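Take a look at the structures below.
Across the two complexes that follow, chain A remains constant while its partner is chain B and subsequently chain C.
Now for the complex of A and B:
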């Protein structure tokens, strides 16, 4: 594997051992172990929703019984120890033994085709649903008998109370009976879906039309485990259900949400499958078919579901863990004693060359004259800045930052005294009505200005890399992969692997542009135009000398009332926004209160911010309306 | 990953920009691993990266970027895996459609109806049994062709080389009858070779005389027929059989030349043994593959600058057949940027394969060393 960072999709990893070596247990902890509805995740239907690359399939594969058993059978392995702790935290283990038998059913195959058959919706839904159930039962049995750890006749299924009538239709409670019936159902239904011409409804094979509902009937499974018996709960993980037709998905989801079902069922899906309202988390639009979130089902969002600062911190841990697992697998780094990935992308600030520093000083002097700031006032401002920098925890306290902060404050000073009367007889140096303040926002604005004025790197360091990834594992690996490719160059050239700030920024910016150029999803052209337009406006405002938005803007705000109407309307802009969110071009923050108004913030994603040289700090936004979005996305 | 080789290339190419170096390392590593390292003449410790470094270094510093860009953007390398695909496709994509058309004619139906008609299927099988496949050189990879078509073509329908003795002809006559008593002779003969760039090796007319593999095959067949019939036996190929010439890979120049020359031979050869002749290929390389003035001036200039006339002197007999006065653009002036994994054609530009000392021109080291039959 030349650069494993660049080969992410877990489906491509065929070998379980390799998968376990590189899989990070962090998503289990991040999204499941501390979920407020953790107690219900094996009882209620669960929709695990995430953008492409957020780690849904990795999570599903890791939870499969086959891998859980492989992990538990070799507890001496350090990787397995970490994974088993995470599995236990998410409820997959109980007292060091499996508590759940999960099986992942990819939904990308022929299920969608059943919706094209010339039958009634209810018939088409049943065919797909029964095929899913048959394959789940076969997958379960394959997982339970994997590695010859137990025989088929040692597995017993336990039925739900009052399900006697349904036992016969699923082949009884013996594993062999259940397997034979599942095979029969699978064969019959597959023959319908795969036939060149669909049979007439009255000629459907009996095995495909007889009742078959193992999910409603089976409650637990009794298996031999390390010399004893163990009762575990079955769980079907339907992966990539967004591949279904939307109506088909609704019907299957409704069927799976029946309360009497004791079989665990998770639906892993992309945001695309949801309505714009649901993507924007409008409470009114999430309810579906009389099903209510949290009562009838639980949504687990793999991004943006909790406090964003907390989420960012958690993602950094997860990303560091993943990167440290991938790094030793890079061919060029073999036989090297590698430090943690974090140390290879240090946040040591860049330094301007002497020549650039002289240019900057000259510019500040010119601006001092332009803003009519007296030497005494400049000295006061410089003291203010020096005082802030002396007390700050930030590692970036270089002289150029101090100079750029002085420039921002001089511009602010000029603004604040602009309405005061100029005296003809003395130096005009009044105190501003609102005193000037040097703080972190001004420092961040200074760094942004330095990027524009002197080409000084703005985006570097592990935290910036994580923040630019918008808590998306795949995006992180893509960006990190580009940095690793540059580290390979360092290795080839016989240099230290750690990348200086400027190199990091060059790589990240080029990769971000490449990612954006590669966008290929519905409305991608409109989304690109919209984010480019917003980014250009944000940058213009961010670079105003007085930096009125502090660290700078990377978002626009639309009044909640207006956004609410848009999301409920049949408007193409709503779809553009939905796909922009679903594919990581923007993020949305609802009900953001500022200036006694309620805003919906459309925040540019980290990749867009990288590409356009905007701050990754959140909060700075331009007040706009939906017409503005429509115009930019045209 | 060959760190040392890559570092060397970076020094030779003077890649001071890390971004450029990273992009090029990625490309070099990918191409070496997936293609170029497989070249049959490379050995452990001296594969693509090392040879590429040595090759680049022999150019003057100002010419290196042109040489590098040529390899990156113009070189076409046909790997064994790719050639095998062309071999495997020969029967289903060339032979079957042709035989199906003939079977349809015989059965009085449309070609697409052949598999649905008993008469069509029987005709197809009969024509197939009466087809003989002959390899023209080692490159025809008859072993691969035979394995790929196991169950379709019998052992007795395949002859791995052109020089067939009388005994073999008698054996073929015996075997075709054994397969079906009604069959006594082959009606279709496929002559198979791996690659043609100019068509000259296959058929050429020079100094009022025809020459080439086709001429040799025709002469051989006349002699063999006489020898077999002298023994009172039936020669296993009918008079005026249908001749099919197939190359797995052909340039457009060769394809056009073969069409033109075989048509002329068909008209002019009084002693031709075949009744009809057609020319096919698995992969037709486009005419744009050839280096041309205007588009490839920089590389053509390198071909001039680093040419060593020793090459021509060494290969004069062979090159003379193509009526050339130098070999700057390769045999028959084909000017190809082409490498086959098992060898480099002499029709490719010598810049790629020339191995010369400093006499009569520039001393050159090859990037893809050529195993030369002609000297």
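Now for the complex of A and C:
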């Protein structure tokens, strides 16, 4: 039976009703309603930038007029009510009525193909731009007449002031005239783009070369709405504009940024469309001739736009909302009273069996002898650990954690007194020069060590699941989908659905490995080799008894200066890193100051950390250089 | 141009191909242009060797070297060796480098191969053009086939497709897909923008080992499909190949695409006409079924075996079907693997146009067209 979590892409959902049942309105609220430039999002060009799977297409589909109308026409439905509130918050509704007529135009590779035509750049840009506008007008009219809620002759377009001279070129202001002209333009330009051998420039059809600028002419649309008339603002959402050639994008973007245009226009794009340098600077520096962000256009970043903690918290809410919508659609759960998804992946810590606990205690005793720690010193360390655990908020304060923390602190003690001279006549138990401290980092290191020493689960619970998803909705659904598949088995066997920590970890680790095996993007083999190499080194260092990096490492740091040179060079490693970032294998933190040096951190993604049993906590890194990356990615 | 004669298309398989080549290409008045790949694939030289043996200096060659960014050094060496052998087999041949990706890594193979073929001067005495699809990628082979077929039909000369197929070898060649699915140049399909009825799309992906990521990306680019009908090879040299593919694509078939098991399309692994006839029947029946209700649209994605792809090519040309694919960034191939040499190649020959069909077609093939253009540049778009 199909698992809706594993049906990753909204593109496969075949009907609008199903789409509305599962779509989460959270992105509308998060990225639009709370955006500081919310007032301008229908006036200025907007670039919405995100990684694959971050929900750009879902956002664009939800905003389309066709769906907005469907939501508003059935206000009794609870899902629709929630979506209405989110749409209103983002400015798509005004007083419970539509304020915007949006249409999503997928910018398929067909538009990029125009750049291969043997004409001047300006001609090629014009053809692509006019095709976009013609398709926008056709899509808009299709959306407005969808479901037979209004006839074509009931729709009137309102021109921008001083655009009278251009009205003839767009077919006038009647819907029929605009549709006919748009069809004529679309047919003419399509025939050029689709041809194997394009016509000579002097043989281009007139319909394709005559001026056509509906975005510049049209300001608003007047439509019948529930017995009255309503004036709404048109909005073109150009999805996947990263498919355009960079020069082509530049020219089209510049054309769309003209201030005369009153037609709303959003450009949704993926991170990996940008140069390695731009990707590493979180996309803020896409070259734009003479255009300034916030003045001429506004950027909305679906990742990396704000602090990581805030992003993580926000994503957890969004993910919980999504999971709760998907869960009742699992066939095996239909006759059950389902709790929220979060409660099915509890944070309850795992407990070691008595036999494993005895083994662990014996190991700690052996290590005590190995580190030359006196019983009195061990007792002091145990007191330190007990004091920390008594005061911590963490739910995982099991005895094995305490034992493993003692082991870490004993190893640290041995390190810190190793340069002190041993006395021949009395017990060697000096005070270390730097006092020992039990804290959250030591506790996290202890949990990581327990995973290696006793097979105790490290990754479990809803928060860990979200953190492993790197704020990527599609990845979250894949990981959650694997857990749901295990819950389905539980349901069929008549057992409780909630999965214990060990089961969660088993499922997540297997799924993470499967996701990595399935990586199929440019340079995927190199990316896989590189992250596997980094992960192995991080794990080795993380498992050192004294846990010098606290919670452990899941990153390598390269000096900023060195990384800067690499990104400017025409080097394959730069491309490998770019695709690794864009496809969620690594994350990059620039200008991370530590030890009076400036570092660029290459952090392994949550999936890699899951697969290799590394901590999901950020900050621990190994100091390396670009040669190391090159060697690992070979 | 209608291709009714494809219902009775001349086809030869395996040993019959050798017999046909010997009897047909040995004739002194046959002058042949071979268009083929000059890549790393060990099958690249098979057809050229066969034809050169019978045609001698009556064979000319246009060999396409597909350039993909930074390929594996071992594969470059193999490609160089193959190119040398092709030069020796067909003296005076042209080896044209075709960039598969533009400077922004966008796939541009279709436009580039069209330009290469347009600029190639086909000798006046040429009576036959053979397209060897064995080692050409879809993004190159399909546009090339369309252009060459069009040229042959205009000039009334024969157009052949030849393939040395080896599914086991195909499985041994791993490919890394690019990230931009797109329509093959010249195969964007009919423009339905003015359709009064809603468009109802059926996507027909050809399942192939190790291509699930590519097909998933292609499927996502199509959107709003009414049905998805995956094509699997059956009958096949390995009778369990279809089962293995269904197992490999379990997640896609069940969770993502939600394929009804009755929608699987079985086509022969060795006979392209079976694929062509099945897809043609599907197209006609679907059009009849949704007549006056929806605008039917069938989208093909022949990413696997070239034999099945040749059938899909014929169906796409015949019914103007769109072909959606994803380019390959790089290949991984170890010629020392046992699978590579284990099974022999299956050879296929198809005759798609030419004087042989003049009695079947009405009007007959225009061998004496007074204004038949001699080069591609003279032809209307």
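FYI, the second predicted complex is superposed on the first by the 624 of 634 C-alpha atoms of A that agree within 3 Å, B and C clash if a C-alpha of one lies under 4 Å from a C-alpha of the other, contacts with A are read in each partner's own complex, and residues count from 1 in each chain.
Definition applied: a contact is a pair of C-beta atoms (placed from the backbone, for glycine too) under 8 Å apart; a residue touches a chain by one contact, two chains touch by 3 or more.
Fair warning: this is a prediction, and the values are worked out from it, not measured in the lab.
Asks: Using the superposition on chain A, decide if chain B and chain C clash or fit.
Replies: clash
Asks: Quick one: classify A:506 as touching chain B (first), chain C (second), both or neither.
Replies: First partner only, chain B.
Asks: Check whether chain B or chain C contacts more residues of chain A in the superposed model.
Replies: C
Asks: For A:151, decide between first (touching chain B), second (touching chain C), both and neither.
Replies: Once the two structures are laid over each other on A, A:151 reaches no partner at all.
Asks: In the superposed arrangement, does A:343 touch chain B (first), chain C (second), both or neither?
Replies: neither
Asks: Contact-wise, after the overlay, does A:366 reach chain B, chain C, both or neither (first, second, both, neither)?
Replies: Neither: A:366 stays clear of chain B and chain C.
Asks: Is A:597 in contact with chain B, with chain C, with both, or with neither (first, second, both, neither)?
Replies: Neither partner.
Asks: May I ask you to decide whether A:292 touches chain B, chain C, both, or neither, giving the answer as first, second, both or neither?
Replies: Touch status of A:292: no partner.
Asks: Show me the chain A residues, by the header's touch rule, that chain B contacts in one structure and chain C contacts in the other.
Replies: Shared contact residues on chain A (touching chain B in one complex, chain C in the other): 2.
Asks: Can you name the residues of chain A that touch chain B in the complex?
Replies: Touch residues, chain A against chain B: 2, 331-332, 485-486, 488-494, 503, 506-507, 510.
Asks: Show which residues of chain A lie in contact with chain C when the two form their complex.
Replies: For chain A paired with chain C, touching residues are 2-3, 6-9, 11-12, 14, 106, 108-110, 112-113, 115-117, 135, 138, 183, 186-187, 190-191, 193-199, 203, 243, 245-246, 272, 481, 518-525, 572.
Asks: Write out the stretch or stretches of chain C touching chain A in their complex.
Replies: Going by the criterion above, the answer is residues 70, 102, 104-108, 110-112, 114, 118, 143, 146-147, 176-183, 185-186, 188, 191, 193-194, 212-214, 219-226, 251, 254-258, 329-330, 332, 376, 379, 381.
Asks: In the complex, go through chain B and note every residue touching chain A.
Replies: Residues 1, 3, 6-7, 10, 18-19, 21-22, 25-26, 29-30, 33 of chain B touch chain A in their complex.
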